[in-house]
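Letters A, B, C, D, E and F mark the chains in the order given here, with residues in each chain numbered from 1 onward.
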Amino acid sequence: MCVGLSAKVVKINNGTAVIDADGAKREISAQLLEDLEPGDYVMVHAGVAIAKITDEDDNETEELMEEFLS
Amino acid sequence: MCVGLSAKVVKINNGTAVIDADGAKREISAQLLEDLEPGDYVMVHAGVAIAKITDEDDNETEELMEEFLS
Amino acid sequence: MENKTVTMAHGAGGKQTSELIDEVFKAHFANDDLTADDAAVLVPPAGRMAVSTDGFIVSPAFFPGGNIGKLSICGTVNDLACMGAKPLYLTCAFVIEEGYPMEKLEEIATAMEKTAKEAGVHIVSGDTKVAGKGQVDGVFITTTGMGQIEEGVTVGGELAKPGDAIIVTGDIGRHGCTILLEREDFGIDADVTSDCAPLWNTVKAVMDTTHDLHVIRDATRGGVGTVLYEIAGQSNVGIRLNAEAVPVQPEVKGVCGMLGLEPLYLACEGRLVIMASKKEAEAIVETLKKCPYSANAAIIGEVMEEEAGRVIMETEIGTQALLPQPGGELLPRIC
Amino acid sequence: MENKTVTMAHGAGGKQTSELIDEVFKAHFANDDLTADDAAVLVPPAGRMAVSTDGFIVSPAFFPGGNIGKLSICGTVNDLACMGAKPLYLTCAFVIEEGYPMEKLEEIATAMEKTAKEAGVHIVSGDTKVAGKGQVDGVFITTTGMGQIEEGVTVGGELAKPGDAIIVTGDIGRHGCTILLEREDFGIDADVTSDCAPLWNTVKAVMDTTHDLHVIRDATRGGVGTVLYEIAGQSNVGIRLNAEAVPVQPEVKGVCGMLGLEPLYLACEGRLVIMASKKEAEAIVETLKKCPYSANAAIIGEVMEEEAGRVIMETEIGTQALLPQPGGELLPRIC
Amino acid sequence: MKTAREIIETYDGPKVRIMEVCGTHTHEIFRLGIRKLLPKQVELISGPGCPVCVTPVSFIDEAIYLALEKDVTICTFGDLVRVPGTKMSLAGAREQGAKIHVVYSPADAEKYAKEHSEEQVTFLSVGFETTTPAGCLSVKAAREDHLDNYSILVANKTMPQAYEKLKNSADVFLYPGHVNAITGTRLCEDLTKEGISGVVAGFTAKELLTALAVSLVKFQEGKPFFVNCYPRVVTRDGSKEAQVLVDEMMEACDCEWRGLGIIPKSGMKLRKEWQDFDARIKYQMPKIEGKPNPACRCGDVLQGKCKPSDCKVFGKGCTPQHPVGACMVSGEGACSAYYQYS
Amino acid sequence: MKTAREIIETYDGPKVRIMEVCGTHTHEIFRLGIRKLLPKQVELISGPGCPVCVTPVSFIDEAIYLALEKDVTICTFGDLVRVPGTKMSLAGAREQGAKIHVVYSPADAEKYAKEHSEEQVTFLSVGFETTTPAGCLSVKAAREDHLDNYSILVANKTMPQAYEKLKNSADVFLYPGHVNAITGTRLCEDLTKEGISGVVAGFTAKELLTALAVSLVKFQEGKPFFVNCYPRVVTRDGSKEAQVLVDEMMEACDCEWRGLGIIPKSGMKLRKEWQDFDARIKYQMPKIEGKPNPACRCGDVLQGKCKPSDCKVFGKGCTPQHPVGACMVSGEGACSAYYQYS
C-alpha cells in the first residue's frame, strides 16, 4: 500500500507545508512531524508528510550492502 | 386574449372530457359545463371547456348578416 | 460486449474504446471505405464536391418514425441532395453520456446502417467520446457528408426567379410536431410520426425529369416558413404562398390549434421546397408523387418580383397578408 | 450582437441563428470556400483524399495553452497530417449550452481562425445547435477535415517494420496533465501548459527530409502508451521502449508522482509518434528540432520482430518489463 | 344583399375608431390581412386585451425571484417566457439555471407538482375572465390532492374596468368573445347606457368580418348599441359554474396594468381560505418594484394614443427577437403585429 | 563486493518464499521486471497489502447505498472507483447519477464538504497505518470547522494481525516501508521471536534490490531475522504524533478482509467521542452483506495459496477492463499485475 512521494519542503505555515516535487507544488499536512523546516525533505502520502527523510535520494543502500553483504 | 379551439367531445368521465380536434385528443376539464355528452362540441381554452357550442362551424354568421344588414 | 452501459472507459481511447467501436459501430457500418485509422483514404468525387455538416441533439433520441441515428444520416444526406449532389461518403462523431444503455446505441447504429444503405452513402470514419453523467443529454451525433455534384444542374438559395413555381414535397411539420409531443408533457394524444427520410433518390428523380431547377431546400429547423424567408432574402424576390394549398396532416393541424402554433414553422426532416420554372412544375409534381416520400407533393405558391424579401400569404378569404417572420424558440401560447 | 449569452432562439434556425453565424462565425472564418448554404461546393483534392472527424468535449473548455476551439482544429488537422495529407477543408459543428457567454464563443472562434490559418486549412461549412441548460456542458465542437494525400509517402499504423526507430516529437503528457489539473480540484500547482499545436507543417518538413517513413501517429487520447500498443497490434510487431529516453517535463513527472499516474498514458495534442528506418532517424530528429513544436524530439525505442503485440520497457536498471496495457479512465491512486 | 366584406370595403360613413380588445382578434385580423380592406375612415386600434402585454414588469420580476432565489419550479404558459422583466426574461433566468416548465394548462402545472413532490412549483396565473377559472380549478385540485408544493402567482385581471378607462379611446369595441363566453353579455348591454358601443366578435374570418360589418352598420345609425355576433359560443348568462367558482375562490383587488398603471378593482387575488396556495404569501414575497424601459410606449399604444411606429425604439432597439416592451413579445402584441405584418 | 542484483541472480541457496506485503512493492517489482531476475528457488508472493484488494464487497455496497439511497456525495481515492461491489462499482453508481468525487487526500474531502454546505459528503477511509492518520486529520478539521455535513466510512486496517495470519504463507516478509514509517520497526523486530523473518523495504529500484539481496543473504544464515533496509525513511519509533492521533480518535475492531474473512482486532473505527463523523452511525447504515463473485479466488491469491492464473476466470471473465475481484482492479492487485505484465 501507500504510494509515497519524496519532496522538498518550501514553506511552512501553521501545521501545513508546501512541498515541491520536480516543480509540482501542493499544500500538505505537516501535523505528523515536529519542527519541519523549509529545505527539509519529506515522504508524502495522501496529502500528509509521514516522515522526514535524510535525503531525496536512495544512496544509503550502499551502506546497507556494505554492512550486510560484504 | 384567449386562443380558443372548437373540438368534439368523445368521452366524459367524472368532471373531465376527452376532446378531439382533427384527430388530436386531450383530456380537459368539463367542470364549467353541466351535462356535457359525447358528440357535443365545445370551445376549449387552456385545458378547460369554456362553452358548449352549437356546431363546430361558423355558418350562423349568415343569419346575423340577414338580421342586421339586409 | 460485456457492458450493458457505456462507461467512461469506453471513451478513454484504450482497449474498451476499440471494443465499443468494433462491436457496435464497425459491425453495422462495415464497407470498403470504412477506416480503422484516424482518417479514411478515399477516391475523391469527380467534378465538384459538396460538403455539409450537421450536429444532431434531438431530444428524445427515439421518436415515432425514427431515432437520432436515422435523423443524423437523413439530415446530412438531404443537405447534399439539396445541392444536387449524390452523397458518397459520411463521417459520424458520437458524444455519449456515461451510463447510456448499450442496447439503445446498438439501435441507433442499426438505424444509421439502414438509412445509409438506402441513401447509397458509405460511412468512412467515426469518432466516439464519452462525457460524464450530466454533461451531455444521452447521445449527440455529428455527421459530415461529401457528395458529387451532378453536372447540368445548378441550384442554390440565391437562384429563385420571379415566375417560379414553389413546390413542397409533402405535408409539412410532422417532425417538429412529433418531437414537441414526445418531449413536452402536454398530454396531447395524436397519431403523428416524423417525416424523417433520406431524399437523394427523390432529388435524383426530379433532376432526371428536368434540369430546369432553381432551388432545392430541405425545410428542417424553422420549417417551410423559415426556408421561404431565407430564399426570399438570398434571391431578393417576393414569395406568394397559397395558404390553402399547403398540405398539413389534420392531426398536425389539431395539435397546432391546441398549442397556438403555426405549422409553417414546425421542422420537417423529409420534406423539400423546390423552386423551378412554372412550365416544369406539373411534371415535377407528377414525378414526386411516384417517389416513396412525396406522395402528397403540391404546388403551394410562386415567386414574384414584388415584395422582395417577403413571404405573402393568400388567405382563405382571398386577402393577402404577410407571413410573420420566424421568431426563435417555438412556444405554445394561450393568447 | 445584442445578446451577451447564447439563447435557445439562436438555435431555432431563424433570424437569430443567422445573426449568430454572421457575427461570430463568419466574421472569423471568412474565406473563398466558406458557404452560407447548407453545403459547400468545393474543388476536390487531386489524387487520394484523406477524411477525418473528431468530437471535442474537453472540460474545461479553456486551459493553459489553448481552448476547445484551437484543439478542435489541431485534432483534425493532425489526424490528416498523420495520413501524410495536407489539410485543405474543414467543417465545424457546434453544440452550445443555453446561456453560454457570447464573449467566450467569440474567443473560441478567434482561436479557430488563428489555428486554421496557421495550418493552411479553409473552414468551409458549419452548424450551430443550442441545447437547453444542463443538456450539454458548455460547448462541444465536432470538426471534419478533408486533405490531399501527398504522393510518394505511404504511412499507416499497420506499416511498422522490425528495426524501425521510434521517434517522439517532444516531451509527452502535457495536455493530459494540464487538463487534469484544471478539471479536478487536486490542489496541485504546477507550471504545465498544453502541448496543443497544429502539426501539418511539421509532418511536411519530415516528409521533405525522407520518404522512408512507415508510421506517423498523434498521441492523443490514451497518450503515447496507447498509440504504441495500437501500432504493435496493427503491425504485429513488438516495441522496445527506452524508459529513460522518453522526454517528460519535470513538472509533469512531479504531478504524476503525486497522483500515481504514468505519463505515457497522458494525452498529448501536439506530439507525434513516428516510425521510420533506423538510418533516417537522426536526420528526422534533426529536422524536427528545427520545427517550432518539436524542439525536444527524441528517439525513444525501436520496433522488433519478437514480442509481437507488446510494448517492452527497458528500465532504469537495465531489466526489461512489459508496459502495462492502457486501462480505461485515468484515476489518481494512493496505492 | 351585400356581403360583410363588401359592406366593409365600401363603407363611406363618418370616421370611426374600432378597438379590438382581444389579442387573439389582433392576431387574426393581421393574419387575415383585414386591415388592408378597410377604407381610410375606419381606424382599428389594438387594445389591452393581451394578458402578456398588460402584465407588468414587476410580475416577471416576482416570478424570477421565486425561480432564482427560492429555487421554485415555475410553470407557465409559453406566452410569458420571453416577456422582459427589469433585468431579464424567464428565458434569461432559465439560462442561469432557473427551472421554467411550459404547460398547456394550469391543470398540467398541478399535475407536475403532484408528480414532483421534491420540487416547489408555482404556476403563473395570468389572463382575463376566460383563463381565471382554469387557475382556480388547479388550486382546488391541489387542495383535494393535499399538495403542499403547489401555489399560484396571481395576476389575473377583469375587463369591465378597462372598458371604462378606455371609453374615450374608441367609438366601438370588438368585445373579446371568449371572455364573454364566461361572463355573458349583460355587462356589455349595460355599457350602452353609458354610451359605450360594441359587438361580441368570434375569431374565424367570417365571424370577424361579420362583426366589423355589423359594427359599421350600427355605428352609422348613431345610437349606442350592443350586438352579440358570436352567439354559437356566447350566451346572455355565460358560464354560471365559472362565475360561482371564481367568486368562491377569488376576490377583486387593485391591479397594475403595464402601461395603464393601477386600475382599481381590476385584478383578482385568492381569498383568505385559499391563501396557502398564494405564492406571494407562501414565500413572503418582498415588494418588488419593476422598472420598465422608459423608452417603451406600450401604455400609449394600448390606449390608442399612439401607433407602435411612433415609439422611438420600434423596429430598432425593439424587435420580436429583442423585445423591449411586452407589446413586442407575442404575436398578439400590437407592436409585434405591426412589426411583423408591415 | 557483489552487487545486490548479482546476489539475487546468483542465489543458489534453499527454496525460499518471499511475500511482498505492500501493493506498491508488487507494482514496482513488476514495473522493474525484477521477477525475471529471480532464480527458480525464489518465489515471490504478492500479499494482502493493497487496501483496494482487501476491501470487502460489502464496503463498496455501503458506499453505493449512501450515494444512491441517501444522496450523499462520496469522496474517494481514485483506487476504489472501479472495485466491484455486489451489483456494481462506484463507477457504475456514478452512471446512475451518484456523485462520486475523486480526491487526492482526505483533507480535500473535508475541504469539499466545507465548500459545499448544501451537500452531505462522506469520505471512504481505507488503507493501513500509513493512510489512517490522514483520515483522522480530516475528521479533526471537520470538527474545528463545525461541519455537520462531513463524515467518513471507515475500513482502515492494521497489519500486525495479518502477519500472524499469514505467517505460514512465507519465509520472509518484505515489510511495507511506509506503514513502518508510521509504526516504527519494534513490532517487526518482535516478530522474530515468533520465528517470523522480514526486512523493511523501500520503493526505488536500488532499495528493492537491496532488500531482496539482504533477505536472501540473511535467510541463508538460517535464523529468524529483521533488518530495516529503508532507514532514510523508517525509524525504530515511527511517528509518535501519528500514533497518538490515531489512538486518540480510533479504536481497534474486528474487521473483514476480502478473501481472508474476519480477522479479530485488525480494523479501526472512530471512538465514541467522534461518532458524529462516523457515516455508519450518522446514516443508521443497515447491515449490508456483500456477495463476492463465488468464482473469485482473491483470498487464496492473497495468501499465496494459489497463483492468479489458477483462478478459473483469470484473463477470461476477469480482466482489468472487467474485473471480477478486487485483485484485478488496481495495478497493485496481484491478479492485475500478473495479467498486465505477463
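The definition used in the following text is that contacts are C-beta pairs under 8 Å (C-beta built on N, C-alpha and C of every residue); 3 or more make two chains touch, one makes a residue touch a chain.
Since this is a predicted model, take the numbers as computed values, not measurements.
Path length between chain C and chain F in the touching-chain graph (shortest route): 1. Where touching is counted per the definition, the chains common to chain D and chain F are A, C.
Listing every chain that touches chain A and chain D alike gives F. At the interface between chain C and chain D, over half of the residue numbers involved are used by both copies, so each side presents largely the same positions. Among the other chains, B has the CA centre that is most remote from the centre of chain F. Of the two interfaces, B-C and A-F, the higher number of touching C-beta pairs belongs to A-F. For chain D, the chain with the farthest CA centroid is B.
One simple way to say how far apart two chains are is to compare their mean CA positions; for chain B and chain E this gives 21 Å. Centre-to-centre separation between chain B and chain D, using Cα means, comes to 63 Å. One simple way to say how far apart two chains are is to compare their mean CA positions; for chain B and chain F this gives 74 Å. Shared interface positions of chain C, defined as residues touching 2 or more other chains, are 7-9, 15-16, 132, 134, 186-188, 258, 260, 325, 327-329, 333-335.
Chain contacts: chain B has residues 1-3, 26, 45-46 touching two or more partner chains.
Under the contact definition stated at the top, the residues of chain F that touch 2 or more other chains are 23-24, 50-51, 77, 91, 104, 108, 127, 131, 209, 321, 332.
Every pair of chains in contact is given here: A-D, A-F, B-C, B-E, C-D, C-E, C-F, D-E, D-F.
Residues 184-188, 258-260, 313, 315-317, 319-322, 324-325, 327-329, 331-335 of chain C are the ones that touch chain E when the two sit in their complex. Chain D contributes residues 2-3, 5, 7-9, 15-16, 19, 98-99, 132-134 to its touches with chain E in the complex.
Chain A contributes residues 1-4, 26, 28-29, 31-34, 43, 45-48, 50-51, 53-55, 58, 60-61, 64-66, 68-70 to its touches with chain F in the complex.
Contacts from chain C toward chain D in the complex involve residues 7-9, 11-17, 36-57, 59, 79-80, 82-83, 85, 89, 91-95, 124-129, 131-132, 134-137, 140, 142, 144-147, 149, 156-157, 217-218, 220-222, 226, 229, 234, 267, 325-330. Here chain B touches chain C in the complex through residues 1-3, 5, 20-27, 44-46, going by the rule given at the top.
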